[in-house]
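Naming follows writing order (A, B and C), and every chain is counted from residue 1.
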Amino acid sequence: MGLVKFLSKRLVAIAITISAVLAVGYVLIYISPGTFYSSTNMGQGLSQLQVSDPTLYNQYINSLNSRYGLNHPLIVQVVDYVWHSLSFNFGTSFENPSVPIIHQLASALPISALLAGGAVTLAVVLGVPLGVLAALKRNTLVDSALTTVSMVGQAVPSYVLAVLLVLLFGVWFPGIFPVNGWGTIGEAVLPIVALAAGNVAIVTRYTRGSMVEALRQDYVRTAEAKGVARRRVVLRHALRNSLVALVTVVGPTFAFTVISTLWVEQIFSIPGMGSLLSQAFQDKDVPMSITSVYILSLLVMGMNLVVDMLYRFLDPRVKLE
Amino acid sequence: MADELLSVEDLHVEFERGDSKVYAVNGASFSVGPGETLGIVGESGSGKSVSVLSVMGLLRGSGQVTGGTAMFMGKDLLKLRRRQLEDIRGRDIGMIFQDPMSSLNPTMRIGDQIMEGMLSHQYTSRKGAFNRTLQLLDEVGIPEGKARFRSYPHEFSGGMRQRVMIAMAVACEPQLLIADEPTTALDVTVQTQILVLLRQLQLKGRMGIILITHDFGVATNVCDRIIVMYAGKVMESAPLVDFLARPAHPYTVGLKGSVIEVGTKAHQLRAIPGMATALTEPPRACPFAERCQLAADRCLEELPPLRPLGLGHYVACHRAEEVLAAAGTTVGAQVGGPVGGQVGGQVGGQVAQGVTARA
Amino acid sequence: MAVVSATVGPGVRVPRRHAQWWLAWRRYKRNKLAVAGAACVAVYLVLGLIGPWVAPQNYAQANFLYANHPPSLRFPFGTDGLGHDMLSQVLWSMRNAIEITFGASLLSFAIGVTLGLWGGLRGGVADMVIMRLVDFMFAIPQFFLSLFLVVAMGRTVWPILLAIGIPGWAQYARLVRGLVLGMRNGEMVEAARAFGASRAHIARRYLLPNVSNSMLVQIAFGIPVDLTVMAGLSVVGLGLRPPLPSFGNMIAQAGANVLGYPWLMYFPAAIFAVILLSFLFVADGLQEALNPRAEDGGRRARRFGFGARGRLF
């Protein structure tokens, strides 16, 4: 069956891409200034040890080197590292060696996935109807208002909007939504809104564009000539076909949303992938930073795969290949 | 006329283009009766498609009907609400469009597209619609209807798609079928098949057909009556016989002179000089005058009315009598530019005696 | 409309070479938002240029006596927790933002156009390798690559510029290659070739003008994206290292302190948003003016996958 072949081909492509990401990340960190172990806490501990007990320090460094494979040539290290990551064998981080990375991911990833998923869902649920509305009311006040607002929404980054929301619900209208932390449903509202705004704007704009185009198509006129009711003409004929074009836009939106999640989590102090990743990069925590990029890249590529399958499902002209 | 199916009178359509207006249709009148085939012939931009689309309420963009009536079964289509028009479209009046590539919804199975009209009009039950679809596929010459029902348009060739379009258009057994350039996008051999198919369907149901085409051969092949449009006005309207034997408008004569037939030599063809331009104000004189070699001062000053010339033969030309009188002498040369000599005698398969004036 | 005999006013005949730019400018002027955007961008550029000289204080000058001071005559934008004058911070940030975003966009452009032209004109293995690389760059968020580059190079102006500029090349490469391939086989070039035009002549007369329009639009869309990424690096703590001033640092700082000192957010965030919006309006206006056929963006969106906006991180 074509689907199996398509999926296996895509999975191989994903594996190759992700290996390349891991390799590039590893090499860039490897050549970065400072030693491999110069992460914040670990580096401090090591330099104290170097002063107080050089022998123990050397033993310790040697054990670290053999553990992380640093006594091998770089190419071997890279291959090893990629292989371990691909088999989800992440080990522990430099900064928090008592908790395996996989456990930290298990608590952080669902939070970010929830935020990103919520934002994309909201974007589709709001953006598609708004785009259709703008297209149907083309060149009216409603249309230009929607178009202008969505342009603003597209230009203003999520972190600016997040800070604005904190200001709005923390200072001006306090007590409606919590503006900080994580744990209750209410605390998810503002982050999702901040994340979704840009997506809603993009989806609205592209829905409008593809709807305007679709409404001009000959097959829409054919449907009208058949006497099909306006509502059905818009939904079954125009919208159904513009969804095909829209899906190609949703793909890149995922990457954008995942990155925005990192930013918004910072502003709202949410313990998701954003805090893991930014802490890891700031601390130069090698395993943690590469692993978090790895996981998020997988997430993006997985979602793109789903979108591609959806695209092929929506457009009968495209064959799975 | 009481026995007419659709009778359009003095139709006016305007488009807005930036600050200016384009006058696309300027007082066109035509009618078609049951079982009759009316051909509307003209160059692109002559307003032939626009007049029919506006009657059906299918105008796009800034197009607007600014005057006229279109009586169909006792109702003026131009005054109906959207809902009422939706009821008539597809049920009482079917339509076929030019490009079968783009006129079918690419994401919908063709069976569903054929059924859709019937279901919208509650023409029959779901089951009935399914059976009728299979029957229609058979009628329009698509074998293995059951298997083809689930196909998508891209899996069909152009000719097959046009057959599907026809099946869709006649699904509810309309009294009138409007075919807007139905064969233009097709291969010549397929064109003939489609025209024959239309004729067969017409004979079955005494359906009236309006065939819009720029192709003279096609029109003379299947139409009972032909009107020639130019600049949104009817230039000449005549039964096929008169049309072939006694064309009375210089434009008609010119059009015929430019038909390319098998065996025609280039020097035998006469192109009409110049080209049709969009009208940015309503015509006050004969719109064809500037391209007409017979144009007199009067033609540049006075709008020729559409006047009767014979039984059912109407023409909008000040000098129609002269054109007629000159037929068989030298009009062809005068109208069509360079003296051409013999024009191929065959026009669209019909023997065209004295069609084009011979030198 | 034919460009051949473009007359701008009665009697004013524009030389043919510049006719299309005149027409584009006339189309651009009609878009009020784009004109307003261009004005804002001009102000931004001027302020960024002269900012360091007109700023009341040096960006690094802290004054603990006036920490967390609300906006006043002396400190129009207020001060932060270290007593930095926020107005001065904003002015210095503009300078950094201009240097980094324009530099990064030009760098992406240079790499992308070089590789795209090479692949498109050369074909074969080179083209294949380049296109695989482009696929790779599009498969993952480019922001991640920026993060690794920052870690590898540091957090001052040049490293940040490189970290943003290097990963951005792929969209330019893809666009250029597509245009070159499309035009190499296009009717226009074929006609020129039939008339015996030389390869160099074709490249100069046909390829470049068409490519340059699309490129200009692409760069205009790219600059605000780079600005967003630059500030985004600061938000995750990997932008310009304080005390180097940047919009991202100010916004991140505002995020942490907005409950107590909301003015930290008012001015930097508002100005930042206005700058981004202005660039977007300008880019939109340019697109409309230079590629008038792509009115609704629909056709372009399908052709390039994601419209002229192309990359979103």
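Keep in mind that, in the parts below, a contact is a pair of C-beta atoms (placed from the backbone, for glycine too) under 8 Å apart; a residue touches a chain by one contact, two chains touch by 3 or more.
Small disclaimer: the values here were computed from a predicted structure and weren't measured.
K.L.:
If subunit A were absent, into what connected groups would the remaining chains fall?
P.N.:
Groups left after taking subunit A out of consideration (others unmoved): B | C.
K.L.:
A-C or A-B: which has the larger count of contacting C-beta pairs?
P.N.:
Between the chain pairs A-C and A-B, A-C carries more contacts.
K.L.:
Just the number, please: Cα centre separation of subunit B and subunit C in whole Å.
P.N.:
The computed centroid separation for subunit B versus subunit C comes out at 53 Å.
K.L.:
Mind checking the centre-to-centre distance between subunit A and subunit C? Centres are C-alpha means, answer in whole Å.
P.N.:
Comparing mean C-alpha positions, subunit C is 22 Å from subunit A.
K.L.:
Using mean CA coordinates as chain centres, what's the subunit A-subunit B distance in Å?
P.N.:
56
K.L.:
Give the residues of subunit C touching no fewer than two other chains, as numbers and ranges.
P.N.:
Touching at least two other chains: none.
K.L.:
For subunit B, give me the residues that contact two or more of the other chains.
P.N.:
none
K.L.:
For subunit A, what residues touch not just one other chain but two or more?
P.N.:
Not one residue in subunit A touches at least two other chains.
K.L.:
Given the complex with subunit C, which residues does subunit A contribute to the contact?
P.N.:
14, 17, 20-21, 24-25, 28-29, 31-33, 148, 151-152, 154-157, 159-160, 162-164, 166-167, 170-171, 179, 202, 205-206, 208-210, 212-213, 245, 248-249, 252-253, 255-256, 258-259, 262-263, 266-267, 274, 277-278, 281-282, 284, 289, 293, 296-297, 300-301, 304
K.L.:
Which of the residues in subunit C come into contact with subunit A in the complex?
P.N.:
Residues of subunit C touching subunit A: 33, 136, 139-141, 143-145, 147-154, 224, 228, 231-232, 235-238, 251-252, 254-255, 258-259, 262, 265, 269, 272-273, 276-277, 279-281, 284, 296-299, 301-302, 305-307, 311-313.
K.L.:
Touching subunit B in the complex: which residues of subunit A?
P.N.:
Going by the criterion above, the answer is residues 216-219, 221-230, 232, 236-237, 240-241, 244, 314-317.
K.L.:
Enumerate the contact residues on subunit B facing subunit A in the complex.
P.N.:
Going by the criterion above, the answer is residues 56, 58, 60, 82, 86-91, 94-95, 97, 99, 102-108, 116-117, 120-121, 152, 154, 165, 168-169.
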